[in-house]
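Both of the next two complexes hold chain A, though its partner changes from chain B to chain C.
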Partner chain A sequence: MDLGFFAQYLINGLVQGITYALVAVGFTLFFGVLDVIKFSHGDVLMLGAFTALALFLGLDRLSTPTWLSLTIMLCLGTLTMALLGALLCKFLVLPLKESPPLNTLLITLMFGSVIRESVRLFFPNGSNPKPFPALLPETSINWGNLNLRLDSVILIFTGALAIVLTHLFIQKTRMGLAIRAVAQDEETARLMGINFTKTVLMTFALGSGLAALSGISTGLYYQEINFSMGLMLGVIGFSAAVVGGLGSIYGAIVGGLLFAFLQTLGAIWFSVPAYKDVFAFTVIIMLMAWRPTGLLADRSAERV
Partner chain B sequence: MSKLSVNNLTAGYDEADVVSNVSLEVMEGKITCLLGANGAGKTTLIRTILGLNNSRSGRVALNGVDISTLATHDIASEGVTCVPEGRRVFGKMTVLENLYTGAFLERNSKVVMLRLEQVYDFFPKLKERSNQLAGTMSGGEQAMLTIGRSLMSNPSLMIFDEPSLGLSPLFVKENFRIIKEINEKGMTVLLVEQNVRQTLEIAHFGYVLSQGKIVANGSVDVLRDNSELRAAYFGNA
Partner chain C sequence: MAANRLVGRSFCGTRLITMSDLKTKLEILLGVALCVVVLYGFLYLEHEWEIGLLLVILPLAILFLKRANILSDYQQAARTIPRFTLISFIVGVLVLIVLLRDEHFALLMLTTVLLYVTVSLGLTIQFGFAGLVNFAAIAFFGIGAYSMAVLNYHFHALPDLLIILFSGLTSALLGALLILPILRTKGHYAALITIAFGILLRTFLEVNDVFGGPQGLKVGAIEILGWNFSDSFPSVLGGGSFYMAYAIMALLLAAIAYLLTRLIEASWFGLNMDSVRLDEVASASFGINIPRWKITAFMLGNFFAGLAGAIYAAMSGFIAPASFNFSDSLLLVSIVLLGGIGNAVAVIPAALLIVVLPEKFQVIQEYRLLLFGIVVILILRFRPSGLMPRGLRQYFPRSST
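Our next item is the complex of A and B:
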């Protein structure tokens, strides 16, 4: 295989990997602050993509310029899902704080189904895949066997930027300090004057906004979305977070990229793309057997 | 003048009352201690004062204002800080970040820097270690950090929850010396302890808690040879 092919796979894998990492960061944040697994995460991602699509359909009628539509879709799509994430946390997750973690897991799983089925039933013709507008520039450079699409590059940079900003937010800001304090020791954080509920809601908003961004990126990249797209992305994002080490942001990034890398490897190896997920999940299972606490988390409970 | 007053407080978990009808006063500028053996209800009482547990009945007032329905972070913003039991530092944060959490409610960074300098003056060791992860420090250093962290909030009342628990004798002594020094600068202190002898050496007033009830109280001179105090610790022999 020549360098062009290799670079092509690398670029495609990076687009995927960043998308997975965005989902995984959400899982890791939620687990960090509340020790919960929120299984509606993938469906929030899907709803983010559909919200953006609905916005586009509206804006298109008003013949809004492309760049403006895109900006509005991104901002409103992520903000709406951030709000949904916070509400979901306030009304479904926080009330169950003292009950077994399994309850939270189940209730969010069910809520995810509610979101998914609602989109299928109430979005016009929602059970069929929907074309997503190609709003990014369609220019591409051909370089031997490498077809470098400008939209891939933009998506990689946007995703990476979102992750870097999230990291800086958590490491450098006052709110980030609160998130880390709550993640490490809830009670002591409260004794320091940190508003626990506000901090947790903020974290859920942040993670859900990132999921929406991931969903919109997926739509822009494949130019198609469907009501069940969140299922696979949710499972992959969760696996990525676990294999990287739940609670660690670096772990989520590593996990996301690793999963995409494994899929790419599987696709090349078996020459049948359908096997790529089988291969990737098999390797993830082996990795988890080898390092049950994840690749980057240390033995003690590492958080955020 | 009374800084903190607890009136007929009853609290517990599930069905059982752990403390019942407890009343105590913490005097402004003094060290008031709360003594009691394991399981006497000291921690439950402190947690209830701080809003970490709900009370069943009774009233907690700070400067005469009822705080019993406030959330923990609101109580903290009223100037109450707690040095928690078991040196609960944020282990994955640096020493400096731990200190910043103490000053979380102060938004003026100049004021925070000023307090940081004061804390560093008080504990030069924390300055040397400012970039070290708190979890990798020794128990004694962590104890210092938790005190420094609480000082960063510029509190008007400091509650120490069993500061000597699990520390080496040398650090226990050092800890009591620090608490005394902080008090001498004007801080009101509520000191919860099992270590009777050293606590009575630095405290002004004391309460003895046994099986969830206050069984003795008074100035430390009175408490020193109080039979109830002995009984609370060694049984009613």
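Our next item is the complex of A and C:
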């Protein structure tokens, strides 16, 4: 294989890997503070993309300039989903804090399927795939076999920037300190005067906002969204977070990139590209049998 | 004092036994007859208002029976003569099948309910007893269905009952691939593994041409001793829809699965599984072999799902990957949860509600996943033990004498 092809696969894989990593960071955050899996994460992502689409359709009528509508879509889409994430946490996740973890998993799974079905049933013509506007510049450069699209570069950088900002937020701010404290020991954190509920809600808002961002960038990249896209992206994001090691942001990034790498590898190896998911999931299941706590998990934490 | 209370507890049980045994049996039979009438109405009625009326009357009636303590007496009675109760319920459903013999659709629904009950019983063993999460129930159902299709096509000479058995075994064996990852992980991680497996399997079936790809496969009908199940019911036996044969078969399967589940629950098998679910460390320190019970529960549950899938495939005559979605797995989990985790009886009414209601109310057919989602959220939030919570284990069910 020549270098051009290789670079092409690398770029495509990076775009996907960053998207997965964004989802995985959310899973890792929720698990860190509350030891729960919010399985509606993928569907929140999908709803974020659909909210952005609805906003675009509204703004299009007013003929706003592209950059402005893109900004509004990003901000409002992310904020709405952040709000939804916090509400979900307040009314469905926190009340079940004392019950078995399976119940939380189930309630969020079901909430996800409620979101999914609502979009399918109530979004106009929601059961069909929807074209997503191509708002990013469509220029591309050709280097031999490499076709470098400007939008992929922008998406990679936006995603990476979002992850870096999240990391800085958690490491450098007071709120981030509170999040880390809660993740380490809930009761001690409470004793130190940290507002537990507020911290957890904030974390859920942050994670859900990231999911919305990754939903919108998926829409911008593929220029098509559908109501069931969240299920697959959610499972992939969860796998990425678990394989990387739940509770660790680096793990989420590694896991996301690894999953994209496996998919790309699968697509190259098998003549039928659809086998790529079968291949990737098989490797993930095997990896989990090998290292149940993930590749980069906290050694101190009891995860399994 | 404590001893007195214990004796008092067993005196409650004695009350019914000292009454004539015949009366207890008559009570059971009356209850079965009532259930058959209600089920007949539920399956036979077609207008939405009729079903609606039934749905209003039924809970009120149950509430009344509960208030008047008839229900608990009844449960006590059923517990004193479990074998008689089970047999009379099976006969009751048989009568129901005969009553509905010309109604294709009602029989199809009944069969589906019975097959779902079988799968849910498997989930009860996995979930409710051993505490293993399985979000791939429909995948194992699907493996059973596909094995039925393939084996029936390639090994037509084999007796079909054997093929159904093999399909169940295939399902259990393919599930065995997941044993290592499931044993090494817990809770969320194990959930992810089953979810990933479900999606993986569906994608695999969809892209693989050997298994018909997205178009699916045709499945031959079941044939036992020269009697082809897809012909209408033999007129010697009164005639009727061809679904009758499948309904009877599904009934037998569900009954066997139920019996097995109850036997497991009552025996030391169930005791071991319960203790594995409740506290692994404590169980291990009492010398309980944890992997052994987890593997037993997992494989047995998948075996049930595979058997049900095989019958489903033969009955519908055609299978495609699209019938084995992740949302169907969620539906099965909802059945177990709605009934009450770990309660084998409870999956029966739950499966009836979840399978039949959407068929009866065309309005909600489209919205059923949405509605089930909301119902399960409400249940988890406000009544996490389900409609019929699992009762406490009775160590001495017949010690009352």
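Convention: the second predicted complex is superposed on the first by the 299 of 304 C-alpha atoms of A that agree within 3 Å, B and C clash if a C-alpha of one lies under 4 Å from a C-alpha of the other, contacts with A are read in each partner's own complex, and residues count from 1 in each chain.
Just so it is clear, a residue touches a chain if its C-beta (ideal position, glycine included) is under 8 Å from a C-beta of that chain, and two chains touch if they have at least 3 such contacts.
All values reported here derive from a predicted model rather than from experimental measurement.
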{"item": "First, second, both or neither for A:Q184, with chain B first and chain C second", "value": "first"}
{"item": "Contacts of A:V235 with chain B and chain C, given as first, second, both or neither", "value": "second"}
{"item": "Comparison of chain B and chain C by chain A residues contacted", "value": "C"}
{"item": "First (chain B), second (chain C), both or neither touched by A:K97", "value": "neither"}
{"item": "Contacts of A:H167 with chain B and chain C, given as first, second, both or neither", "value": "neither"}
{"item": "Partner chain(s) touched by A:I194 [first = chain B, second = chain C, both, neither]", "value": "first"}
{"item": "Residues of chain A contacting chain B in one complex and chain C in the other", "value": "303-304"}
{"item": "Residue numbers on chain B that touch chain A, as the complex places them", "value": "50, 52, 71-73, 76-77, 81-82, 84, 88, 90-93, 97, 100-102, 104-105, 107, 149, 153"}
{"item": "Contacting residues of chain A [partner chain C, same complex]", "value": "31, 37, 92, 95-96, 99, 101-103, 105-107, 109-111, 113-114, 116-118, 121, 231-232, 235, 238-239, 242, 246, 272, 274-275, 277-278, 281-282, 284-286, 288-289, 292, 303-304"}
{"item": "Of chain A, residues touching chain B in the complex", "value": "174, 177-178, 180-181, 184-185, 187-196, 302-304"}
{"item": "Chain A partner contacts - residues on chain C that touch it in the complex", "value": "133, 178, 180-181, 184-189, 191-193, 195-197, 199-200, 203-204, 206-207, 326-327, 330, 333-334, 337, 366-367, 369-370, 372-374, 376-377, 380-381, 384"}
